[in-house]
Structures are given as C-alpha cells and as structure tokens.
Amino acid sequence: MNELANNALANSFAFNNAWLIPALPFFSFLLVGLFIRPYSEKLAGIVATLSVSTSAALSLWLAFDYFSAFPAGAEHPALVSWSFQWLRYNEYLVVNVGTLIDSLSILLMVVVTFVSSLVHLYSIGYMKGEDGYGRYFTYLNLFTFSMLGLVVAPNILQTYIFWELVGVSSFLLIGFYYTKPSAVAASKKAFIVTRFADLFFLVGILLIAVVGYNLMSLFGVPNGLPENVSAFDFAFITNSGVSTMMNNFGILTPALILIFIGAAGKSALFPLHIWLPDAMEGPTPVSALIHAATMVVAGVYLVARLFVTFAASESALLVAAYLGAFTCIFAAIIACTQNDIKRVLAYSTLSQIGYMMFALGVASATETLGYTASLFHLFTHAFFKALLFLGAGAVIHSVHTNNIWNMGGLAKKMPITNITFLIATLAISGVWPFAGFFSKDEIIAAAFGNHHYVIFAIGLLVAGITAFYMFRIYIVTFLGKARSEAVDHAHEAPMTMTIPLMILAALTAVVGFIHFGDYVSVASIITGDATGHAEGGFPIWIPALLSGLTGIGIAWFMYGGEKDRATAVTEKLGVIYRVICAKFYIDEIYQFITHKIIIRFISTPIAWFDKRIVDGGVDLTGWLTRRSGATLSHLQTGQTQTYAAWLINGVIAVVVIIWLYAS
Amino acid sequence: MNPAELTHTIVFYGLALVSIVAALLVVTVKRIFRAAVALATVLVCGAGFYILLDYDFIAGIQLLVYVGGIVILIVFAVMLTSSLEDTEIRPSKSRKALGIISSLGFLATALIAFQSTSFPLSAPTPEQPSDVALEIGRKLLGYGSDGYVLPFEIISLLLLSAVIGAIVVARNPLKKSSDLSGQSEQSDGSAT
Amino acid sequence: MSFVPGLFHWLCLSTILFSIGLYGVMTRRNAVGVLMSVELLLNSAAMNFLIFNHFAAKPFIDGAVMALFIIAVAAAEAVVAMALFVAIFRSRKTVDVTQIDTLKG
Amino acid sequence: MNILNMIIAPELIVALTGFVVLITDLFIEDKKRHILGPIALIGILLASVSVCNLLPETSSMFGGRFVFDPVAGWFKLFFLLGAAFTVIFCWQSKAREKLPSTGEFYSVLMFTVVGMMFIISARDLITLYISLELATIPLFALAAWRKGDKLSGEAGLKYVIFGALASGLLLYGLGLLYGLSGSADLLVISQTITDSPALWLAGALILAGIGFKITMFPFHIWAADVYQGAPTVVTAYLSVASKSAGMAFMFQILFGIFGNALSEYGWLIAALATATMTLGNLVAIVQNNIKRFMAFSAISQAGYIILGFLGPFSESVPSMLFYLFIYVFTNMAVFGVIIYYSDTTGKEEIDDYKGLSRTNPAIAFVMMIGLFSLAGIPPLSGFVGKFFLFSIAAKAGYHWLVAVAAINSTVSLYYYLRIIRQMYMEPPAENAKKLPISKTLALTFLLTTLAVILLGVIPHVYETIQTQTTNWLPTLNQLP
Amino acid sequence: MGLVSWLFILPFVTALAVIMTPAGRSDLVRKIALAGTSLHLLLTGYIVYKFIQVATFSGEGVKEALITQLYLVEKITWFESLGIQYFVGLDGISLFMVVLTSIVIFTGILASWSVVERSKEFFALLLILVSGVFGVFVSFDLFMFFMFYEVAVLPMYLLIGIWGTGPKEYSAMKLTMMLMASSALILVGFLALYHGSGLETFDLIEISKVHFPIAFQNWVFPTIFIGFGVIGALYPFHTWSPDGHSSAPTAVSMLHAGVLMKLGGYGALRIGLYLLPEGAQNWALFFMGLTTINIIYGAFAAIKQKDLKFFTAYSSVSHCGFVLFGIVTLNMIGVKGAVIQMFSHGIMTALFFGLIGMVYGRTKTRIVTEMGGLAKVMPWLAVCFYVAGLASLGLPGLAGFIAESHVFLGGFIGNPWTDATTMRVLTVIATMSIVVTAVYVLRGLGQVFQGPLKEQFKTITDATLTEKISTGVLVATLAIVGLAPWFFIDLIEGAIYPLINRLSLNANTWMTF
C-alpha cells in the first residue's frame, strides 16, 4: 500500500471521522425521539431527513476520497479509521467498537444512506396526517443508525450487536400500526424468526471466538496481525493462516454454516423466509427501505465480508449456492400468483436475494467473479427495488388498496409514477440499458464461468419468470381499463413523493454502466488480481436478454388483451395453481409447529408440571408435618395412668438402648 | 450354718413372703380400706427387715412415722373421699395387661442388671458401730464435712411448704356458691 | 445358691416390692390407691438404701440417714396428695383417675 | 460476720422473705393485701444483690457440702429472675388470673426458690434429693392453687401422681448409685463408679427424674396437661424456673457424676434431643390453646438446650447458661403478655389474639419480639443463643444434628408465625378495645423486650458468663 | 461508625424515623422514606467515589492475588471468645451489589407511592428488609453474614401477608418457610466451615487461608450452594418465587426479585466458590445441568402464564438460572458474567415489577388477555415496559446482553476440571433461551400494549411524576450499563481474580484466563 495513497487518505476529513456517518442518525434519533417528537411532528420529519442526507453526503465524500486514494483496479485495503475498546472479556477476546473502511463497506454505506434519505424524503409526503408521525421518523433513524453500524463493524461481535438492533428496529417499524392485530402478529413473527436465526449466528460467533482464543493462547498472535488483535476481529478471522488451522481442527465449516444460517434468517432465504411477506404490514416506505435495499441484504454483506474464510472451507459456499438458487426459483414461482402488489414485490425481493446469494456461492477462492457480480446486483437491486416499492406506495396512497385487480388504467392518472415504475420493471427484467441487465447478466456469467451449469440454468429460467410477473403487475395496474371506481379519483402523488421516484429512475438507468469490477472485488488467491469482468468467451448476455423478452411477451400475451386468458390458464393448472397461491402452505406448517407443538406439548406441560409436581412437593411436606403433628398430639390421651406407663416404659427403653449399644 | 444364721434366714423369708403378699393385696384388692390395712402390714414387715439389717432405730422411726402417721392419714383420705363400702371397679383388661408387662419388664431388667454387676461389698467388719441412733443423731446435726445439717433444714422447709400448700388446696370455701369455677372465688379475696 | 440372704436376695426383695408398686400406680383406678402404691415405691427405695448401707457401706450410716429423709419426704408427699384428692373429690365428686381426663389432645 | 457475704446468704434471705410474707399476711386486713407482692420483690432483689457480689469467687461451707461457684451463682440468678417475674405477674393480675390466698402463694414460691438454689450448690446425694423434692412438691400444690377450678385440680392431680412416680424412680436410681459407690458424696461417686449394667439402670432411672423435671422426650407427657390446667402464673413459673432447676439438677448429675463418661454417651443425648425437639415442634403446630401451645414450645426449647451436653465443656457450659438466661427473659415476655391478655379479656385460644396489633400495638409488638426470639430470628438474642448452641453440636461433629435442629427451628417459626398472623393479619373482632395496663406491668414488658433485643447484640453479657464459667468443670472435681 | 456501616444503619434509622412519625400524617411517612433512600443514594455514590480512589483493580498485584482484597474495612471484636467480629468491608462485587440495592430501594419507595393502608409499618418493614440486604453485601464475618441474611428474609412474611393480594397468607408462609429451611442448610454449612477450619474465628478472610480436605468440601459445597440456591431460584426449589411474587405488593416484589434473589448468587459465590474450590470443581457439572434446566424451564413456563406477575416471576427464575450457571462455569468470564447478570437482572426485574404495579394500579387487572392496546393511553409506561422486555431478552445496547454474552462465552471456554463438550452442549441449550425469552416477552407485551384498545381502558392516565422518575432511573441504569460497560467491568474483574486463582491453586493445570 503505497505511502502517497496512505497519507492522502490520512488527512482526508471524511476518512478520519467516518464514525460521523453512523453517529449522525443516532444523535438525531435521540434528539427527535426524546425532544422534538412531542412538540412538533413536522420538524421531526425534517430533522430526521436532514441528518440522514448529511450522512449520505459524507459517505459519498468518503467514497470519493477512498477511491481517489486507491484508484480503480488497484488493491483496496481494509483500514480501521477509528476504534475504542468497548468491552474486554479477557486479553485475547476484546471488542473494539470502531469503523472499518474498505470498498465493501463503502458500497453498503453509500447504498444505505442514499436509499434511506430518499425514503425519508418520500415518507414526509406519504405519512402526512398519520398519527405517530414523529414516532415513525425516530424508528427510521434508529434503523439507519443500526444498519450503518452493522456495515462499518471491524469485528464480528459488533456486527452481531448492530444485527440485533436492526432486528429490533424492523420489529418496531413493521409493528408501527400497532392497533392492527395483523401488524402486531407480523412484527412479532419477524422478530422471533430473525431472533431464531441470530441464535445460530451467536453460537457460530462463540465457536469461532473460543477456538480463536485457544489458538492465540497456545500459538500467540499470528504474524502479520497487530499485537492487540482480538479473536473477534475480521482481520483475525479472515487471516488465511488462522482459517487453515481452524479447518484442520474441523470446526471451520460447522461454524461458518451456523453463521450462514444467521445470515439466511436476516436475508429471508428459503426456510426462514416466512416473515418477509408478512412484513408488508408496515408502511410502504419502510418496506422499500428495509425489505428492499438494506436489511435483507445484511446477510449477503456478512457472507461477502467473510468471503475469504467461506472460500477456505469447501462446503460452506456450496450450501450458500444451492440454498440461494432454490430460494430464487421458489420465490419467483410464488410471485406469479400473488394479487397484493406489495406481496409480489416482497417475493421478487426474495428471488433477487436468492440471486445474490447463489452468485456468492458459485464464486470460489480462485474464481472470484461471483463475488463482484453479487455485490453489483446488490447495488443495482437496491435502487430499482426501492423505486418499485415507492411506486407501489404512490399507487396505494392514491387508490387506498393493495389488490392489483381493483386497480388498472392508472397510467393516465399518474404519469410520473407510471414511467418510473416502467423503468424499474424493465430494469428488473434485465432489459438492456437499465442496471438490472448488467448485474444479472454478470451473475449468470459467473455461474457459467464456474461450471455450475444447474445454477446457470435456474438463473436463466428465473430471469424469464421475473420478467413475466413484473410485467404482469405493471400491465394489470397501469394499462387496461379501470377496474374499480377508486381509480377515477386517483391523482398523481405530491412533489415530495415523485422527486425520489424520478431520482431513483435516473439512477437505475445510469448505474448499470459503472465498471463495478474495478472498484469492488476480492483478489483471487491464485492469480492475485481481481477478475472484474467476464472476459471473452460465449456472450452470456444474449440468452439472458432473450429469456427476459420472452417473459415480457408471455405476460403481454396473457394480460395485455381484453379477453382475460389468464383465468383460463389458471383453471388448466388447477390444483398446482392453488398450492402455489397458498405459498406452498409453509406458513401453516410454521403455525402448526409453533402453536401446536411448542405451546401445547412443551410449555403447558411444563407450567402444569411446575404447578402440580414441584409445587405439590412443597405443599406435601407442609401437609405431612401438620399430619404428623396431629397424630402425635393424640398420644396425649389425658389418662394419668397411660402417662405413668409412658414414664416406666421410657426408663426400660433407655436401659435397653444403652445395653444394645454397649454390647 | 450356725443357729443365728438359720433364724436370720427363716425370719427373712417369712417376712419377705408376708410383705410381698400384702403388697399384692394393696394393689389388687377391691375395697380401698382393706388396701390401707394391707399397706400397714407391708410397712410393718419393712420395719422388721430393718431390724434384721441391724437398724432398729430406723425400724422404730418407720413404725412410728410411716405406719402411725402416713397410713392413718391415708385412712382419713379414704374416708373423706369415698364411703367405706363402695368398691372400686376393675381396671380395664388392656390397662391391666400393660401394667403387668411394664412392671415385669422393669423387674426383669433390674434383676438381670443386678445379676451381672458385682457390687463393691464393704469389708465384713463384725462389729456394728456401738449405737446406730447416736451415730445418726451426730450425723443429722453435724456441721462437718460428713454432717447433714443442711438437708435437715431443707426438709423442715419442705414439710412447712407442703403443709401450707395442703391447707390452701384442701380448705373448703365458706360460701356454698353453686358455681365452683374460679370466677366467683375472686370476689371475696382469700378467705383467711 | 446358698439360702443365707446375701445382697442379691435383699435386692430381689426390694425390686419386687418396687415393681408391685409400679403395677399399682399403673392399674389402681382410685387416686388414693395410686398414692398407696407410691408409698410402696418410696418404702422399697428406702429399704434399698438401707440394704446398700448394710452391705456396701458398713462403717458409715449415710444410707440410714437417707432412709430417714425418705420417710419425711414420703410424709410431705402424702400430705399434699391427700389435700389434692380431697379438693378434687369436692369439685368432681369422684377420685377415679380414669374419669379425670378433660385435659388432652 | 456480715450476713451479706456469707455464701449461704442468698438462700437465707429468700427463706426469710418467705416467712416475712407469711407472717405479714396474718396481720394485715384484706384491703391491704396487695403490699405482699412488693415485699416478696424486695426480698428477691436483696437475694440477687447478694448473689451478684458473691459471684466471681468459688468457696464452700459445711465442709464441702455446700459450694458456691460461678455456675451456681448464675443459676441462682435465673431462679430469682423467674420468681421475680412470677411475683410481678401474680401481683398485677386483677381479674380472671387473680390467685386466691396470695400470701401463702408467695411464701410457698419463696420456699421452692430456696429449694432450687440448694440443688445447684449441693455436693451430696441427700442434699441434692431433698432440695429437688423441695423444688417439686410445693409445685404440686401451686398447680392446684385455684381449688374451685376443675382444670387446676386435674392438673394438680396429674402433677402429683407423675411427680411422685418420677421421684420414686429417681430415688431407686440414687440408691443404686449409692450401692455402686458406697458413699453419698458426689465427688466420691464420680471417681468410683465403673461401667456396669446396674450403672446403666441407675443412669436410666435418674434420666427419668431429670426428664420429668425439664420435660425431655420420653418423660414430657405430663407437661401439656399441667401447663394448660395450672393457673397461667404458675405455668409461667413452671416453664421457666422449674425447667432451670431441672437443668441445674442435670448439670449436677451429668457433669458431677457422669462427667468423664459423657462423651461416650453423646449419641444418647443427641437422640433424646432430636426426639424432644421434633415432638415438641410437630405437636405445637396443631395446638389451639395458647398455654398448651407454650407447653410444647417449652418442650422443644428443652430439646435445644440439651445440645449443650454434646460439646466440649469449656465452651458448652457458658453457651447453655447464656441460652437459659435468654430463655428466661423471652419466655417471661411471652407469658407476661399471655397472662395480661387472659387477665383482661379472659381468653386463652390462639384465635382470640385476632387483630391485637390494631387494638393495642405495643402489646402485640412485645409478643412478636418474644415469639421471634423464641423462634431464633436475628438480631434478637434467641438467635444468638441458638447459634452458639448449634455451634457446640457442630464442634462435637454432630452435623446431622445441627441440620435437624435448624430444620426444627424453621418448623417452630411456622407455628410462632401462626400467632403473629392472628395478631397482625387478621382483622380485630368488633368489640375489641384498647386494654388498660398498669404501669408496673408496662415497665416489666419494656424491660423484657429490651433484654430480648439487647442481650444478643451486646457481647458483654456472654463474655462475663464465659470468662467466669469456662474452667468450671475441673474446679468441680478437686474441691475437698 | 465508619462509612460502610452507615450503608445498613441509614435505612434502619429511616425506618425508625418512619415509625416515630405521628399517626395522622401518612403522607409525611412516604416523604421521610423517600428522603432516607435518596440520602442513601448519595451515600452510595460517595462510597463508590472513595472506593475507586483507594482500590487497585487492574495492577499486576491483583492478577496473582489469592485472598480477596477488601477496602474501607471496619473491624471491631464482638464475641471474642468465639471469634465473632463486626467485620465490614467492600470489594468489587459487593460494591456493585450495594449500588444495585440502593437504586432498587430508591425506585421501590417511589413505586409504592400509592400505599395508604397502614403505610407506616409498610415503609418501616421495607427499610428493615433493605438494611438486612445491605448488611449481607458488606459483612465478611460468617456470623454477621448469616444474621443479616435472616433479617433480610423475615420482613417478607409480614409485607406479603398484610399488604399482598390473592392467596397472600399461603404464599407468604410458603415463601418464608422455604427460605428459612434454606437458611437452615446454610447454617449447617457455616458451622461446618467454622469448625472444619480449626482456627477459632468466623472471619471469612482467615477461613479462606485454610485448605479444607476434599471429602469435607464435597459435602459442604452442595449444602451451601443449594442453601443459597433456594433463594437464587435453583431449579427444584424455585416454586416459592411465582407464588411469592404474584401475591406480594409492588415494591416488595421489586425488592425481592430485584435484590433478595441476588443474595443467593452472591452467597454461593462469596462462600461456596471462594472457600471450597475443589468442592466447586467436583459439583460444577451437576449444578450446571440443573441451572440449564432452570433457564429453559423458566422460559418455557413463562410462555403459558396469563398473570403478568407470574410471567415476570418465571422470567426471573430463568434469569437467575443464568447467575448460577455463570458461577458454576468456574472461569473468569463466566463468573464475571454471573455478577453482571445479578446487577442487570436486578434492575430489569425491579423495573418490570414496578411497571406491573403501575399498570395494575390503573387497570385493576393483571391478566394479560383482559388488557390490550394500552400503549395508546400510557406511552411512557409502554416504552419503559418494552425497554425492560428487550433488556430481558438480551438486546445489545442494554445490560442484559453484556451479562448473557459473558455467561455464554464463559460456558464455551469451559474450565480444566469439567469435560468441555458437555459444557458446550449445555451452553448451547442455555443460549436457546434467548429465542424462548423473545417469544414470551413479545407475546406478553404484545397482548398488553398492542392491538385494539379496549373500551374500559380509554380513560387511563399515563405515569405520574414519581412513577416517571422511578422508571426513568431504572431505564437509564440499564442503558448506561448496556452502552458503557468498560468502566465497571475491571472493577468486578479485580474482585474475581482471587476466586479464580484459588480454583487452580491445588489443581494440576494452571487456569489460563
């Protein structure tokens, strides 16, 4: 790392107090939450938005400084700009809370702050008139703070801490309309499912930390690491010497799988995805921010952060790949049958995250293209998915219903929303000029490059299905004739809502052309250089684009014309359609497991057992003493002569006992 | 066995027989007055035993105090508490059994114990101190390390308090108030 | 065993008298009867002292003095007991020990 | 020779007070009868003063027949204290608890105190037995003092029969001891007796005598009925002074005669202590009459005191004396309230104490402090006393016994709390009103409560007893 | 009297002052009690300040120490023939506990502002109970320790019996009986220690210099651990806690769950672990199994509870399981976690019970299903309730996480005397409790505060000033401990080094920290 770059960065304002980026939302959270909220709601909104936008500007500045110090293509070091010792378990297990700056964290910081400030702006309009307006912005700021804290964490325990805080703020935001029982249930479900996954994450951390601690206490600090490194620090965990040693201890793969389950829980991969669709109960900007751009990608970020260790263990990445691919295809199929606009977008998010996860999964120590592709897709997806959600929000805001079948013909009524929604739909379907095309194409290329042909095929298929269900909802909501009278007095969203839409639309158009590989990539162990772009070979983008276009065609064919051919097709599918529509009854299975088994067969018997047996035992002793007291009291017969007998036999008894004892 | 020992043994067994029979009568006879008489005979035989043991002074005291005083007192009590004729009802079967078992049990344990312990017999000095009565008198009032003047004083206090107690308890109240419970007793304070 | 009454024979005598006294205390229903059995006990205890004095502590006469005191104590006891029986007879019209058992439980 | 410093002075003073009270009773009319109480009190006070200035040294009279040593001194103080409280309660009770012929009552009481004082100072069988009888026979009469009342008569009857039988057995035992050792002097006996079946029989018989006096397990049967039947003032006296006399007698026998054999028979004492404690506590749970309840509580307390005989004597004698000292105060505090309450309201059942804390909180507080000290709750002195006793049992290695004793004191807490529940948690009966209390009684309650609280916290009391009585046992054996 | 003695004399004096107030003025009683406790808060603060000045808790002398280093010590002979002294002092752990108790009693008095019926006796008994607790935390003489322990336990009977609700006599009696029976076990243990050590003293520091034989330790350690475990809600002996807490008035259950249950943990640590290391090693695995059941059992039982107080009682059974679990991990991190958990759980439960009392004061019901949507009418209480709930499920940023992370880490690191794999399996089972806790916390709070507001609760008012201060103080403490743990952690660490050093003193392997 050359000196010039280092000192150029050393005196850059942004780098030195990078801690301001997460700190600003935190201070505004405290300020708004405690003081401003009770007094004026409007001011709360403004202050919240201002703080997040300043930290967005700061992170842009930091990105500029960083990449000017380490130009594209060069090696991007991970620098801890500021940290202090928060908690000291013992001398090898120390938690230094601080900010770690490298290309990955800058990418996430930019995305999070940018989308969050847009959502804040959008919410000022969307939430006007709702009660708890101030409370909403406080939660939003808390969320942004915890997300940023998670992203800049230099050690895995700080990640876990902010991981939990993100979970709590999502719980608060989902349950914002707490008078609605369904919102309360959804927030509870979200928190408990993520908490369940965090359990595995915590056990994973403990396992790695303790083994690391044992290694360090036996062999000392591995060379090349600073003296006061702790077993929690990413530098220690991702250190190649350490991971090989852990591997031949045989605990690396189980630990990483545990951590991956934690990531899967937060990013709603297959078995733990049930909470995301229900999370739509929260206000739409929340879904846009949390369930599109930021929180759900935390899992991807974590796997990316530990990519080197994951690559060191053979099977961990494979698990990620196959689970990602399955979620991708599974969610896409369900998305085609949903009628609630936000549910469709939720399932589409699930499938896109499946994309990112299996992109990481297909990458390996040698072939690191997948890593770049996944992060590129994360970057682009954040923008167009946020746009889709905000667009849907605008639609719902004016039509006051989520069901796409009583919308229709909104294009004329809401021109800006229509255009921006169209751009986003094209982007996600992978049509050429928009961002989705480039990132999705790169993922498919990476899958093909690493000879994962099955996953490659799934990728292609899902690209088509995505295009199909996206255009299905576009056509049904915006084109065709109005299906309910609510549509008549629909009106264009106010300025504060349309500006973010337009900005996002512009971004989705432009961002595809960035040579992402030069900025965000990880050096492959063998070649040493980062393979940013899929070189030469068969141009993968052609089949990808073709499947996208066929998807659009089918959608147009089924929903475009007057005759609704769609219902015909669904009858033919019959029972299959009903199963997909009911989301494969996964929710009912969970419901059965949690309520029936846990409540009925575990906690009730325990509560009963506690009341009857353990409590009974105590009462039994009480009863026993009283009973023996009563029987003994009957010895006092009142007859003087029996008393005399007692006395004499007492003497005889004592003599006999002494005699027995003496002999 | 020289003649003195012979008479000694015969008298011993004779008296023993009489006193045991009389004792059994005391505890079993139905009419209480007859029991009192039987008690008197037991005590008289007791005095006889003391003479055998060469303690004729004690025998005299026994006859005088025990038979003369206490038995007469008991006879008074018998007359005061019940008419001469009324007979006592038999103790219940189980109570009698319990009594027999316990007393025989005690007897057996005591005898086995005496059987198996060798008592430190004092050397059989032929002559008895000149006069037991004189010796006892000296002991009773002696101040020295072997005197018993202290118990002598204490017994006097004991007898005094016993008599006072007996008077207070046995005094019949002046007023023939029907309600004998303690409540009414208070009104007139202690009858002098 | 020789017929001449040694220490063991005397002890047998006094213990027999003692046990008869015990039997009397346990079975006599009339309070005065019980008192008589108690007199029996005390008398056999006094005899016991004299026996031991005669056989085990010949030159000294502590036993005899004790016997004297026992007679005195017996007298005192008899006095108190009789007073009590008279008082009870007056209030309950009976001295049958088995019927006087209101205090129990 | 100044009368006050003769070592027999205390006994003489008490006997003298007895006579003085008896004679003044003859010459004053009915109305002025209430001055007899103060006279008795002054007598007791004088006697305790003379005991106090005699206390630290050890000396003997009558050629070693009568010995005054610190242990005897402390025991005499306990007897005098017990008697003083009894006199005060008898003197202050006006209505239901008023005893007939108080003059005779006080004098007989004085004589029994003299008897008790002689027990601890006797050094030969005859004095020991006669003083024990002096301490017991008049109690038969005291128990039946209220001759009109059926229950008091029945109590007296049972007490007479049981007492006579016990003294018969004791006498038989002493006879055997005399036979085995050939002499009547305790010192000679303790040096000559060897382990033999007859000795075991003698031991058992004497144990019967002791057990009767301190209500130990197989011989405790009489206690409940007599405590309930006798007038409450006498019950108080029985439970405190008579039990201390029993302890004095047990000291003389176990330390005096069986001193060296005691450690071998520790298991017997442990067994008897466990039985007494457990039986006393268990049966007390189901009692309803307050006097009968206190009888069983007294039985269980006897169980705790016997623990002292297990341990090393240099430490156990002071602890037992300290516990007795606390026991006198605590029991008298509780009995005082019982007597006062039954005197003013005539009720003796536990449920009658309903809501006492609302009607007169001070009395309820005194009762609560007394009961908590009996149960052994810190920081009261009952806890400190029990702690030292248990520590002796632990030192002697009987850890299981300490566990049993501790569990027993928890069970005892249960039934003491039953009364406190009645007083503090139940609403008072409708017609309950504030009860009048005389100044002297209030002063006595104050004194007892202060003693119960301070005795545990202030170390000097235990320290003085400890310094004076640690090396008591060796001195016991070499006096001429 | 030195500074530290004032810790337990001040509440006692306030109690006397409360009793002395004239009958008519019941509001004066509350004010005096509040004045006394706030004065106490200042005193504790001053003592902490003095302690930090004089104590060294991170120098190198500390790491190898074998004997607890006490500060601000006062020693007066009491019964010198038996070796009993008035021995009072402070080390890291007891200082921490003193701070906890001082805060809890201050908030407790505030939370019971509405007690009017016989308030004089109520506040007097409460203060006597607290002076007993302070006495336990500062005394280092076994006799004094035991004396204060029983003084702390007994007022509970009257407090629950007179001012309680529901089956108050039954639960008061059960609670007192079980705690006194446990003190019987402790008494046996103490006397065994006193006589086993051979030297004639009850002084904890002197006795700790003696190395007891292994067989002796093997039976004394379980006696003492179970004796203290009963009040620390060890598994089979915890049944008094649900009944006791549900029928106790607010301040009493705040004090009891918050502070009295910590006596168990503190005693097991100070007496059990410190004096009997080998005993602890042999019994560690057994008690670890028991405490793991404790944690899971309490959590699962809490799910089913309908009554808020039962719900919190079972949750505190589960959290107290963490304390005992931490102690039997026998390594520095685990034991440190146990101490922090004692503090954090103390504050948490005090907050919980305080809030339940306030909610009950308004809705007159504690049954969860009867309430709903209360957040709309009492936002302050709802926020505090959620903070307490989140702290109890171990949300980072609040005290619960610091303690639980220590305990889990301690469980994972293990110690040379117990087999590591079983220990790790048990720790994983214990970690599962964070999910179950989340389930029952959110279920309970969701039913009470979220959902549609019922008709009859429309007119409820939010927290009054006193309630705001008391809940505010507790929430602030939770946040401070959660956010800035570094300033008090090494204070505790310094106090735990001697305990851990003694563990490996005679064992073959030297314990790496």
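Order of writing sets the chain letters: A, B, C, D and E. Residues in each chain are counted from 1.
Definition applied: a contact is a pair of C-beta atoms (placed from the backbone, for glycine too) under 8 Å apart; a residue touches a chain by one contact, two chains touch by 3 or more.
None of these values were measured; they are calculated from a predicted model.
Participant: Could you tell me which chains make contact with chain B and chain C both?
Facilitator: Chains in contact with chain B as well as chain C: A, D.
Participant: Taking the mean of all protein CA atoms as the centre, name the chain whose own CA mean is closest to it.
Facilitator: E
Participant: If I average the CA coordinates per chain, which chain comes out farthest from chain B?
Facilitator: Result for the farthest chain: A.
Participant: In terms of C-beta pairs in contact, which two chains are most connected?
Facilitator: More C-beta pairs are in contact between B-C than between any other chains.
Participant: Report the inter-chain centroid distance for chain A and chain D in whole angstrom, where each centroid is the mean of the CA atoms.
Facilitator: Spacing between the chain centres: roughly 79 Å.
Participant: Calculate how many whole Å lie between the centre of chain A and the centre of chain E, each centre taken as the average of the chain's C-alpha atoms.
Facilitator: About 37 Å separates the centre of chain A from that of chain E.
Participant: Centre to centre, by mean C-alpha position, how many angstrom separate chain B and chain E?
Facilitator: One centre to the other, that is 70 Å.
Participant: So how far apart, in whole Å, are chain A and chain C when each is placed at the average of its C-alpha atoms?
Facilitator: 98
Participant: Enumerate the residues of chain E that touch no fewer than two other chains.
Facilitator: 177
Participant: Check each residue of chain D and list the ones that touch at least two other chains.
Facilitator: 124, 126, 130, 133, 137-138, 140-141, 144, 147-150, 156-158, 161, 165, 169, 179-180, 182, 197, 200-201, 224-225, 414
Participant: Two or more other chains in contact with one residue: find those residues in chain B.
Facilitator: Counting only residues that touch two or more other chains, chain B contributes 95, 98-99, 102-103, 106, 109-110, 113-114, 119-120, 122, 146, 148, 151, 155, 158, 162, 165-167, 169-170, 180.
Participant: If I apply the definition of touch given earlier, which pairs of chains qualify?
Facilitator: Those chain pairs which touch are A-B, A-C, A-D, A-E, B-C, B-D, C-D, D-E.
Participant: Show me the residue ranges of chain D that touch chain C in the complex, using the header's touch definition.
Facilitator: 124-126, 129-130, 133, 137-138, 140-141, 144, 147-151, 153-158, 160-161, 164-165, 167-169, 171-172, 175-176, 178-180, 182-184, 224-225, 228-229, 292
Participant: Along chain E, where are the residues that touch chain D in the complex?
Facilitator: For this pair, the touching residues of chain E are 77-82, 143, 146-148, 150-151, 154, 157-158, 161-162, 169, 173, 176-177, 180-181, 183-185, 187-188, 191-192, 194-195.
Participant: Any idea which chain A residues touch chain D in the complex?
Facilitator: Residues 625-626, 628-630, 632-633, 635-636, 638, 640, 642-644, 646-655, 657-659, 661-662.
Participant: Within their complex, state which residues of chain E touch chain A.
Facilitator: The contact residues of chain E facing chain A are 174, 177-178, 236, 238-240, 242-243, 297, 300-301, 303-305, 332-333, 373, 375-376, 390, 393, 395-397, 401-402, 405-406, 408-409, 412-413, 427-428, 431-432, 434-435, 438-439, 442-443, 446, 449-453, 485-486, 489-490, 512-513.
Participant: Give the list of chain B residues in touch with chain D in this complex.
Facilitator: Interface residues on the chain B side: 109-110, 112-114, 116-120, 122, 143-151, 154-155, 157-158, 160-162, 164-171, 173, 180-186, 189-192.
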